[in-house]
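Take a look at the structures below.
Shared chain: chain A. Partners: chain B in the first complex, chain C in the second.
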Partner chain A sequence: MAGRTPITDEQKEMYFRMMEEIQAVDFVLVELNLYLDTHPDDQQAVQQYNEYVQRSAALKNRFQSMFGPLYGFGNSYSASPFSWKEAPWPWQV
Partner chain B sequence: MYTYRKYYEPYVSPLDPCPPMRVKSYETPPQLYMGFQPPNLPQYHPREALKQGTLWPALFAPYTNPYKGPGGGVDGGGENPDNG
Partner chain C sequence: MWVYEKKLQYPVRVNQCDPRMAKFLMEQYGGADGELAAALRYLNQRYTLPDRVIGIVNDIGTEELAHLEMIATMVYKLTKDATAEQMMEAGLGDHYADHDKALFFHNAAGHPFTAEYFQAKGDPIADLYEDVAAEEKARATYQWLINMTDDPDLQDGLQFLREREVVHSQRFREAVEILKEERDRKKFF
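Now for the complex of A and B:
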């Protein structure tokens, strides 16, 4: 488990790049989810949705293995010591 | 040039103490014209979609501020497209 807080410039750059990628993939998932609410039988969209779910999970696993848990309360594995409260928090980033 | 912004002239009362706004406008975003969204519309790249605020270019609706445009100064007597 890499250190919790990105310290070196290279880590910081990686942190922001991966975070933006996660946000982009999650936004696509939100849009597709809303679209599928009204178009449940659009096979192509469902297939794309599942593809992005995998991508999102892979990105988050990679991110969390480097920078610690993204989510609390059972949605992310934790390092030991329990590093959930460590910086940076979203508003500090 | 077709735009999503529509204009109307509100009634101006002679008793109106403030300088009248002769022409006002409102935004009509594309989803009003689309009705039920057809499947397989072209999509933005994920990163671009995040910036544009929607996954489909057809639904992209930038809110242009009528008061900040070249024509309408904020302090002017209200936004007035024909005064340049």
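Now for the complex of A and C:
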């Protein structure tokens, strides 16, 4: 996993585009999660949830290979030197 | 244990330096019906709730932490380029004297955050009704905040947060109905 801070306009545009895709997919997961907390027997919603788990993971793998880890504490792989600092903090972009 | 994600739940964009609006937004940072109070209320109540509703309270409490980060990002972006003079003009002179541009948990009027803003009653119905009320109050606050800015990007972020309050309120109402149903069912054993 390489990962680097988005610097050029092109990189920034890519960062925001990919980030928004992740935010959109993860929003579906938040909504389904809360819904399923009170409607655990809705099989169709469970199936949709699992589909979006897969989509989210694929988008995040791609994002992280370009901009660095989205997660610390062992939930993402790191390049060497430790690349957790590479992707900007969310309030900085 | 929580897992931190290096992303906001929803994009936060602001068009200009506006410390005056930042001051108002602090109502949702360290105010009675703000995101910190919401997160702490739910994450504290969950320990003594019935199993059937712990999940929804735990998960909404977790989402509130993401909303807290969005509000903080708005306040940070609206103040980061402000001069001392602009902070004073915006009514943030008192804040600046104590904190510079650092964030602090107080409401729009400068009152520091207190745990007295929320309750844990040990009675699931009482707790969940408080949670419904908290969401409705936060929804109203977001509407007042939207009314006070003409920045369409900021309005967009605030509208997202307002909608989340509506969804949370509905989920908490369902949790109340689930508990009532269980209670009534037990009567016939």
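Please note the rule applied: the second predicted complex is superposed on the first by the 88 of 93 C-alpha atoms of A that agree within 3 Å, B and C clash if a C-alpha of one lies under 4 Å from a C-alpha of the other, contacts with A are read in each partner's own complex, and residues count from 1 in each chain.
One rule holds for everything that comes next: contacts are C-beta pairs under 8 Å (C-beta built on N, C-alpha and C of every residue); 3 or more make two chains touch, one makes a residue touch a chain.
Note that the structure is predicted; figures quoted are calculated from it, not measured.
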Per-residue touch tally on chain A - higher for chain B or for chain C: C
Touching partner for A:20 - first (chain B), second (chain C), both, neither: both
Partner chain in contact with A:82 - chain B first, chain C second, else both or neither: neither
Chain B versus chain C as contact partner of A:71, first or second or both or neither: second
Chain B versus chain C as contact partner of A:91, first or second or both or neither: second
Which of chain B and chain C A:31 touches, first, second, both or neither: both
Chain A residues contacted in one complex by chain B, in the other by chain C: 20, 23, 27, 31, 35, 38
Complex interface listing, chain A residues touching chain C: 16, 19-20, 22-23, 26-27, 30-31, 33-35, 37-38, 69-73, 75, 87, 89-91
In the complex with chain A, residue positions of chain B that touch it: 36-37, 39-40, 46-47, 49-50, 54-56
Touching residues (chain side chain A, partner chain B) in the complex: 20-21, 23-25, 27-28, 31-32, 35, 38-39, 42, 44-45
List of chain C residues in touch with chain A within their complex: 3-12, 55-56, 59-60, 63, 69, 72-73, 76-77, 167-168, 171, 174-175, 178
